[in-house]
Each structure stands twice: as C-alpha cells, then as structure tokens.
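What follows is a set of structures to go through.
Both complexes below contain chain A, partnered by chain B and then by chain C.
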Partner chain A sequence: MRFCRLKAIAVKEVLQIWRDPRSLMIALLLPFTQMFLLGYGVNLDLKHIPVCTFDREGSQLSQALFKHFQASQYFAIVRNVSSYPELRAAIDAADCSLGIVVPPDFSERLNDAGAASVQAVLDASDDNTANIAFGYASAVVSGYASDVQLTQIDRQGRTLQQIEPMVVQSRVWFNEDLESRNFIIPGLVAVIMALVGAQLTSLTISREWERGTMELLISTPVQPNEVMFGKLLPYLVMGWLDAAFCLAIAALWFGVPYRGTIAALFLTTTLFLFVVLSIGYLLSVLIRSQVGASQIALLLTMLPTMLLSGYVFPIDQMPKVIQDVTYLIYSRYYVEIVKDLFLKGSSITELAMPIMFLIVYALAVTVLAARAFRKRLD
Partner chain B sequence: MTSALTSAAGPQSGDQIIVEDLVKRFGGFVAVDHVSFRVGRGEIMGFLGPNGAGKSTIIRILCGLLRPSGGRVLVAGIDVANDPERVRERIGYMSQKFSLYRDLTVEENLKFFGGIYGVPRSDLAERMRFAIDMAGLGGREKALVATLAGGWQQRLALGCAVLHRPPILFLDEPTSGVEPTSRRRFWDLIHTLAADGVTVLVSTHYMDEAEYCHRAALINQGRLIAVGSPEELKRSALGGELLLLESASLGPVLAALQQAPGVLDCSVFGNALHVLVDDAAQALQALPAFLEQRGLQPVRLQRIRPSLEDAFVQLIAVDMAKRRAAA
Partner chain C sequence: MLEHALSSRLKFARIAAIVVKEFIELKRDKWARFRLIVPTLIQMLLFGYAATYEVYHVSTAVLDLDHSQESRELLSLFTASTRFDVVKVAQTQREIAAAIDGGDAAVALVVHAGFAELLRKGQSAPLQVIVDGTNSNTALIALGYVNVIAAGFAQDYATDLAERTLGVSGMNPVQVTIEQRPWFNEDLNGQWFFVPGLIGTLTLVIIVNLTAFAIVREREIGTLEQIMVSPIRPVELILGKTVPFFAIGLGEVALIVAVGILWFQVPFVGNPFVLLLGSSLFLLSTLALGLLISTLCSTQQQAFSMNFFVLNPFFILSGFSFPISSMPKVLQWMTYINPLRYYLIVIRGTFLKGVGLSVLWPELAAMAAIAFVLLAASILRFRKTLE
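Up next, the complex of A and B:
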C-alpha cells in the first residue's frame, strides 16, 4: 500500500463529497433529523393515558376516586360521560382508551359492606397498552381503597396496627428513573450510524462505475486496498462527526446520563463505523449501481438494527433461534456497548466480548470488500 | 491468413507491443479472432475498423482490463496476463468513454493521477505544467472539467495519461466526437509524443486519420485483415498503384497498354484511363516511351492517390467476400 495513492483517492473523494449535495445531505442532515424524530417518537413509557369517567352515582366518594386518577401521572381524564353509549362512542373514536364506571350504589356498598366495585372498560386493540393501563388503574383504585379504609378506622377512633410480614425494598440501578428514553436513545445512535454510514459508502464505487471513471482507475497501478482505505477514510471522519453529533444530542438534549469514558466511546464507535462503512463499500463493489447498492444497504442496516439489535426489543426475550441469529447482527454489539457506556459506565475490559466481535466483523468485511474489488472488466 | 498483407516489421528486440495469436471470446461470440501484430518503439500504430470490430477489446486486453481467451500479449516486454500491475505502471490509457472526473477541476484531475501514478512531488508541478501546456488549458486550471468543450476534455485526458511519462500509450478513439480542428491538433500532440520515443496505439473510426499513423491495422469482425503503412495499405487494397492517363486516342492506347510491362489493369474512366501498375514510379518513366514506340502519345500521365477510405472499403469488401466463400 502506497501512501501517495491512498492520499490521492482520499483527497479526490473529499472534493467529490463536497461538490455533491446529495452525499452531504445524507451525511449531515439525516442523523440530525432522525435523532430528533426517533428520539421523541419512540417512547415505551405510558403516561397520560386518556380516561373517560362515567359517574352513575355523583357522590363525594366517587369524585374523590376520580381525583386519584387525575392526580396520577399515568392518567388524564379527558371527558365525563353520562351514558354507556356515550362511553362506547368515546372509546370507538379513540378519544380515550380507558373508561371508569362508578355504579349508582358505590357509596352505599362501601359504607355498608365495606366493599364496592368499579368497572374499567378498556380499549384492548393494543393489548400491551391495555394491560399496562389496567395495571396502573388497579393500583390507583387499591390506593384509594386503602385511603378509604384508613379514614374509616380513624373515624371509629381506632388505630391500625399495620402488619406487613414481608416487604421488598427495591433499588433501581443504572436507569434509576426507569425512563425508557434512557434505554432507547443510546441504541438509537447505533441505528442512525448504521443507516447513515452504509448509505454513504454504498455510493462510492457504484458512482465510479456509473460515471465511467472506473475503467480508467483500474487501468492504473492502484491497489484494491488503496482504493478501499482511501475511500473509507473521508467517510470515517464524517462518521466521527455524525456520531459526536448524535451522542451529544443524546447526552445533552435528551439528558441520558453518560457514565463511561470518552476514550472507550471513541474506540468502540470507530470500530462500529468501520464495520458499517465497509458493509456499504462492499455492497457498492458488488452491485455497481448507486440506486441498487443504496437500497440494499438500507435493507441490510435499517431492518436488522431496528429489529434484532436489542435497540428496542430485548434480545433475551426473543425465541432461541432468533437469538442465535442476532449474533450475526453487527449492531447488536454496538447497541450493547453504547447502552453499557451510557448507563453503566462500563470499562473497555468489561466490554471486551462485544468489542472482539466488532473487530472480527470489521476484519471480515474489509477483507471481503478488498477481494471483491476486481481490476478487470470481465 | 493474410500474411502477404502484414507488414515487414519483423521480430525486433525494440518491439514494445507484441501480440501473438490473440483470441477473446465472450461466451460463444468471438470478439478477437487470432490477431497478431507488433509495434516498435516510437511508432504510431492506428487501429481502424467499423464499430464493433474488436478494436476496444484488443486495447482493453493490452491494458490488462480483459483477460485474453488465448494467445500471448507482451507490453513493454511483460506478459499482461501474468503481471498486469507491472504493465499498468508503464502505460497511459484513454478509454473510449470519457473517464476523468467531471466534478473535479483540471488541476485536481491532474493531481489525482499524479498521486495514483506516484509521480514524485518534486516533479509533479513541472509535469502538470507540461500537461496543461500540451493540452492548451493554460488559464483553465481551476475550471471544472464538466464545463470544458469536448476537444479540451480529450486533450486533458491525454495530459492525464502521459503525466507519469509512460513509454506506451493506448488511446481508444480519442478523437471521436471532437471537431475537425481539435482533431488535427490532437494528432499533432500524438506525433510530438512519438517523436520523444513514446509508442502509441490509437484506435479511430475516422478512416482518414490512418494517414497520420506510421502504420495502421485494419480490423473487421475481430480479425486483422491488413497491416501496413498507409501507402502499403492502399497498394494492397488495389493490388497495385494507380495512374491517370489522358490521351486524344483512348482506344488504341487502351489496347497498347494491355501488353505493357508492369501494367496490371486498365479501364476507361470518363474521358481518361485508370491504369493499375505494380510500381507507379517505374511506370511513370517507362510508359511514355512505351507508347511513343507505338506512335501514341499520352497528353497527361500522373499518379492518383486513392483515399484510404476507398482502400479500406475495398479491403473490407474483399474480406467479407472471402468469409462468405469460406462459409
């Protein structure tokens, strides 16, 4: 490998990127918009679930129950209805996903028997949301129930000897606030870098074929390695910029706590960029058409990274076969690394395994790409 | 095959390009069919023939871009099939399709190829100056290549191809789509390079451009049907050299010439005669005396130069007839 050739390729590539608004747009604008779109768009926390209330009694006790709902951050009462058909219409129109119905004899039964029931009507078209909403609603109702009990005991002039045989004192580590955003956003950086990185390099070789410049290039003594590294280098610098950009947005804008070292982040990000850039480059060598290569690159980066990297869907909850498949997904290693760096502050030695996998991946893809580059037309 | 037509340039140690029995097949299609020729140092060899004759295929094989199906190809004494990289260091190539970077400037393209060919930093400025002057692109160094006219683009491509002083140049239809004055200028450049000892193999589909070559090879349907200097080619096309004879008494002259020595053929052409002879110079001296002995006098006797295009059309027609006969 000769430095003068590598430099000639790299300089030429920089000039071409600079003069090609399409590449520049992909490189600079896409990560920015994606980071905000997906950063705000993907949120697994259920908050402010819209609730309709149907108060068939209209008593002090029933209104107090609704106050408990209103006070919870998980619910927001959007409407008070006065009939079942109205409630049904509200759920059909998706105005609310939970209806709370208080029966006409609510206070009476509560006072007499000390046991009353309320009805929850759930929109279970999204079963996950319905389950969670029901869980939250039960908690609110039982919280209210124990309040009522205490007041009654209090009124009778007794004090309650609280007996709790066993209690779990929980302490949440790493993501102390249990914010799904803290879990998702570091992985989002991986998704965006995979998408953008492979897109950028998928155009480089195919562009030379399409514009007819490849025939002259391969008639020169230039070596496949020189072409590859010369072309990857400018995009690696661009990738660093993009990654710094995305990681800064994650830490500073979305406030995800960062606990690792910058050196570890730099090293692992560089490795990951090398893998995705080489994948794009390999596709570009194999496919020789800009549109074709970038489409396949999109397919090979976006889908597996979204679905199988553990970015949103936890890998250990997947069926065994799919779990095995995820070992082939290069982004799973970086997602793991970046999440651990952000939330756990892991050291490089603790991340040795995923780092090793990334190194193997990077080597394999670059060797393949260098071999796939043929200096012949037939 | 047409060994009588192939030139006398025998095997010399100075031959920069040696092609022996070259065959190239694409599937069942034979693109190059047992072609052999040699090109000496400082020689300009023209490749002529209709589109699709196989000219570009041969040049691409010589550059190591296509693998030959059979035969042997030596460029600068190196076997291209075995060691294409060493060959690539010694050649400059202009492909048929313009293949410089249009989104780079003149200067940036030259710098790029300077880097790719490893032109030493100390020489680069001088080499770039040379290429820019040669291409007549002074003052346009910062212009994007896309904004240059066709002739200038082609001269810049030649400039990029010679930046590393290659001893051998392969130019594939460098003048196609270029206006006539620019074409003329381009050929002047090629002659300047050849005078410095650069061996040039250049293809064209402008038949008249063969006149600018030291030797030309005519290629038709993958076969080399004639090689030689333009004069040799014209002679071989006609089977001799052509004289125009004007006389007051065409009939008797025509009859007398049938028996004249060195005359191969004779035909009426308007109010003059076309006389085909084996050696024009000799006939110009001998024929007037021959006719005077028989009491006849030519008014005018002069040599006519058939165009190369006529010669090639004739050669290709003969080749096609032979193929039909063989088939």
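Up next, the complex of A and C:
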C-alpha cells in the first residue's frame, strides 16, 4: 500500500463530496436534526393515561376513589360514562385506555366486610400500556385503601396498628429516576450513526460503475486496498463530525448523564464507524447497480438496527434463536457500549466483549471487501 | 376545439403504456422479485419475535443473610415465578453489587439478618431490592412483579399470623382489590400488539424504498429524456408509475398479513374490507411519498439519503414503539402528517378490536388526504422540473 496513492484517492473523494453540496448538507444535517427531533419522541414513560370512570354506585366513597385517580400524575380522567356500551365505545375509539368500574355495592361491602373490589377495564390491544397502567392503578387503589383505613381508625378513636407486615425497599441503579429517555437516547445515537454511515459509503463504488468512471480508476496503478482506505477516510471524518453532534446533543441538550471517559467513547465510536462505513463499502463493491446497493443497505440497516439492536426492545427478552441472530447486527455492540458508557460509566476492560466483536467484524468486512474488489472490467 | 379538449384529458392508453413498461422492467430484473419477497418474509419472522416489551425470566441475584424459614419461603416464591430466573445465589453484599454492575443480574433481592424476627414481632420487615435501571421499561415492569410477589407473601403471612395469635381475625386491614379486565387481548400477549404494527412498518419501508428511485433512476440513466420527448404528460407518467407499485404493495401487504395471521396466530376479528381499504389508502400515500422524493432528487444518492431522512422519523413518530401520548405537544402535532400513524390505528383496530368504518373513518380520510396532497405535489413538482 502506498500512502501517496491512498491520499490521491482520498483527495478525489473529498472533491467529489465537496462538489455535491446537497448530499453533503444532507449527510451533516440529517443526524443533527434527527437527533434533536427524535430525542423528544423516544419516550416510553407513561403519564396522563386517559381514563374513563363508570360509577355504578355514585357514593361518597366511590367519588373519593376517583379523586385519587385524578390526583395521580399518571392518569387523566377524560370522561364519566354511565353504561358498559358507552365504555366500550370510548375504548373502541381509543378515547381512553383504562376504564375504572365501581360496582353498585362498593360502599356496602367496604363498610361491612372491609373488602371491596373495583374493575380495571384495559385496552389490551396495547399490552405494554395496559400492563403499566394496571400497575399504576393498583398503586392508586392501595393508596386509597389505606386512606379509608386511616379515616375508619380515626372515627373509632383507635390507634394505628401495623398495616403492612413487609415492605419492599427498592433502589434503582444507573438510571435512578427510571427515565426511559436516558437509555433510549444513547441507543438512538447508535441507530442514527448506523443509518448515516451505511448510506455514506454504500454508493461510492457503484456510482463509479454507473457513471463509467470505474474504467478510469482501473487504468491507474492504484491497488484495491488503497481504493478502499482512500474512499473510507473522508467518510470517517464526516462520521466523526456526525457522531460528535449526536453525542453532544444527547449529553448536553437532553441531559443524559455521561459517566464514562471521553477516550473510551472516541475509541469505540471510531471502531463502530469503521465497521459501518466498510459494510457500506462492501455492499457498494458487491452490487453494481445503485438501486440494488441502496436497497440492500436499507434492508440490512434500517429495521434490523431499530428492532434487533436492543435499543428499545431488550435482547435478553427475545427467543434464543433471535438472540443468536442479533450477534450479526453490528449496531447491537455499539448500542451496548454507548448505553454502558453513558449510564454505567463502564471502562474499556468492562466493554472488552462488545469491542472484540466489533474488531472481528471490522476485520472480516475489510478482508471481504478487499477480496471482492477486483480491478477487472467484466 | 373538441380535439384539443380531448388531448388535454388523460389518455388511458398512455398510462397503460407506462404500466406495461414498468412491469416489463420488473420482470427483467430477476433480483427484484427475490428482493421483494425473501427479505420481507425473513424480516417479518425475525421482528415478530423480537419486538416485545413483555418481561419474563429477569436474571435475578439473591442474598439471604437471615437464613430463616421465612426468608427461604419468600425467595422460593421468586424462584418459582416465570418472571424471574435466579442466576446467582450470593453470599455477600459485594457479590450482589458485582452481579448488577457486570450486567449478570438485572434484579437483586437482599434479605437482611433479623427479617424473620421482625415479621414474628409484627413489625415491618424490609425486603431490599436493587434494580438495574438501564432499561427503565424492563426495570419498571420487573419492580411491579417484585411488588406483587412480595405483597402476596405479606398477605399470606398476615392472615396466618392473625389466625395463630388471635384465633379469629381481629381488625383486618381494609382491602380494596382491583381486578384486571384486559379487553381485546386477554392474555396481554405482546405479539398481538407488535405484529400488526410490523405490517405497516415493513410496508412503509419497502414501498418508499421502491418508489423513491422510480423517477430519479430514469433521470440518471438518461431514459427520462426519452419519456419526455414522447407525448406522455406528467400526470400520466406519475399515475402510470403508481399502478405497478400499488399492485406490488398490495401483494406485500397480503404476504405480511398472512404471516401475521397464520404464523403468529394474531386473531383478526374485524372486517377484511376495512383493512383492504385502509391498506390501499396507506399504500397510495406511501408511494406518493416515494415518488415525491424521487422528483425532488437529482441523483440516486440524494434519493437514498432522503429515504433515511424521512423513514426514521416516520417510524419513530408513528406510535409503533413509542406511545404518541407521551411525546411533547409539538411532536404530537407532527404525527398528524404521518400516514403510518393512521394505518397503525386502522390495522390494530381491525385486527384486535374489530372496529369498523364508524370508528375508523377519520383515519381513512386523513390517509386519503395525505395521498392526494403528496400525489398532486409530485405531479406539480415533476411538471416544473420538465420545463
């Protein structure tokens, strides 16, 4: 490999990028705007879940229960319905995702037996929201129960007895406020970088073929390795810029705590960029037509990165076979690294596994790309 | 006069010619058929299993410093639950911390010495829980299950104690229970929510990706000039390009829906014609979007970048994985121009809820409006670039 030839290719590529300012703008603005915009969109925390109440009793006690729901930040009572069909219609139209039904004998049971029950009708077509809403509703109801108990004790002039024989003291590590944004935004950086990186390079060789400049390139003494590294280098610089933008927005604008070292972040990001760019390059070499290259790049990056990288859907909850498949998704390693760097402040040694996988990936792709790129006109 | 009026009207024959041309091109491209079917099937199968927020088998570390019957009983409840997998029985606090730090366990349960004594005295005995909050959703749900199991234990113990010490129940704590009535999806099966969602998402990606290159490709390989010198008008060209993609899209939707129903066993309780109508409108709006991208870009590279630029927000701001109600107001407004948002409501509504036109008409109307605006925009835009 000769450095001067590599440099020549790099300079040529820089000129080509420079002369297509629209593509350059897209490549630089795309990650920036997406990070900024979508950072607000990636939120799994539920607040103000719309609730319909169906009070079949209309007593003081039942109204007090609804006041507890109203007071909770997790619920917003949107409507009071007076029949099951009306409740059904509200849930059908997605006006509410939870219906609280108080039975007609609620007060009676509560006063006589000290035990009553209410119904939580859940729109389980969204099972996650239903699950979480039910958890919050249970907490509201048990808060209500102890309130009722307190007033009863008060009335009877007795002293408070032990109510709970056991308490759960929970402590949350790494993401202390359990904010979903804190774990999804670092993942979003990885996703955006994977998408941008693949599209930066995936057209670089097929463009030469389709425009006929490949013949010129082949007639020069340049070696395949020099072409590859020469073409990757300018895009690596662009990738650094993009990554710096995204990571800065994550940490500074969205306030995701960063607990790792900058050196570890730089090292792993560079490694990941190299993998992503060389995969784009490999595809570009393998597939002659630009449409083919881009379609494959899109298929390989877009949805797999979003669904199989663990950035939203936890990998350890997937079936074993799918978990095995995720090892092929290179973004999964970077998602893991960035999350751990941000929230856990992991060191390089703790991240040895995903880093090793990325290195193996980088080597394999480079070798494949070098093999695939033959200077032949056929 | 009459002849002029006629010639300015759409000529069906010219549209048909474009349709035939597109089909011939597709037929020649052997790879295209493969690209259209195989990746779609593979992705649907993979993602159908991958996309879930359900929480099972949470890796759990336990530390019992009390070594009492009560503590063993409590921890055995966790061992027995399918929600938790006890992966480590620790001997010291340090081991617990290491397990959480290293990601070997997501939940740690610690029973301190004196737990049983406190319980027997009728005082509040603590169960310490440490949760790896990195994935807040999993952590939240896992914590919920810990609370349920702990509450069950506490309840049993209290009843037991009351019976033993008082003979009859003395002052029972007031109990208000809440019963779960999950409609449409009684077992809270996560696949039932995500598999219908995947139908829309996969279709969006495939169709936009196909159509975004439809015109820019002709422009770049020079065949657009040949079309321009023919008597075909912009409207006819765009409509002619629309028909084959629409047919392909319907085929893709049918394929994906079949996988969802036959393989993933998601029940379809609604009216198939409502789904067909919704899918058609969705297809029209997505391929209009692709065509607009195609007319806006002058190179395929630009079209490719635009795809990413457009698809990623469409995906995230659709309600597929992130609830729209949790987004800031401004972002919620932006979702109104996203056809996927409406299609997901239609798909989930027809699949699980079985609702019909009376509920879904606003979504269908919105998709029709989006399709119309985008198609008109791409025709206008194309006319402009011709001049």
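Here is the rule we go by: the second predicted complex is superposed on the first by the 361 of 378 C-alpha atoms of A that agree within 3 Å, B and C clash if a C-alpha of one lies under 4 Å from a C-alpha of the other, contacts with A are read in each partner's own complex, and residues count from 1 in each chain.
Just so we're on the same page, a contact is a pair of C-beta atoms (placed from the backbone, for glycine too) under 8 Å apart; a residue touches a chain by one contact, two chains touch by 3 or more.
Source: prediction; values computed, not measured.
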item	value
Which of chain B and chain C A:176 touches, first, second, both or neither	second
Contacts of A:220 with chain B and chain C, given as first, second, both or neither	first
First (chain B), second (chain C), both or neither touched by A:20	both
Contacts of A:303 with chain B and chain C, given as first, second, both or neither	second
Chain B versus chain C as contact partner of A:248, first or second or both or neither	neither
Touching partner for A:4 - first (chain B), second (chain C), both, neither	first
First, second, both or neither for A:356, with chain B first and chain C second	neither
Chain C versus chain B, contacts on chain A by residue	C
Touched partner set for A:12, first chain B, second chain C, both or neither	first
Set of chain A residues, in rising order, touched by both chain B and chain C	20
Residues of chain A that touch chain C when the two form their complex	20, 22-23, 26-27, 30, 34, 37-38, 40-50, 65, 91-94, 110, 114-132, 134-135, 137-138, 141-142, 144-146, 148-149, 152, 158, 161-176, 178-180, 182-183, 191-192, 195-196, 199, 202-203, 207, 210, 290-292, 294-299, 302-304, 306-308, 312-314, 316-319, 321-322, 325-326, 339-340, 343-344, 350
Chain B-touching residues of chain A, taken from the complex the two chains share	2, 4-5, 7-9, 11-12, 15-16, 19-20, 211-222, 375-378
Chain C - residues contacting chain A, complex	31, 35, 39, 43, 46-47, 49-57, 59, 100-103, 106, 119, 122-141, 143-144, 146-147, 150, 153-154, 157-158, 161, 171-186, 188-190, 192-193, 201-202, 205, 209, 213, 217, 220-221, 298-302, 304-309, 311-313, 315-317, 321-323, 325-328, 330-331, 345, 348-349, 352-353, 355, 359
Touching residues (chain side chain B, partner chain A) in the complex	26, 60, 63-67, 84-85, 88-89, 91, 93-95, 97-104, 108, 111-118
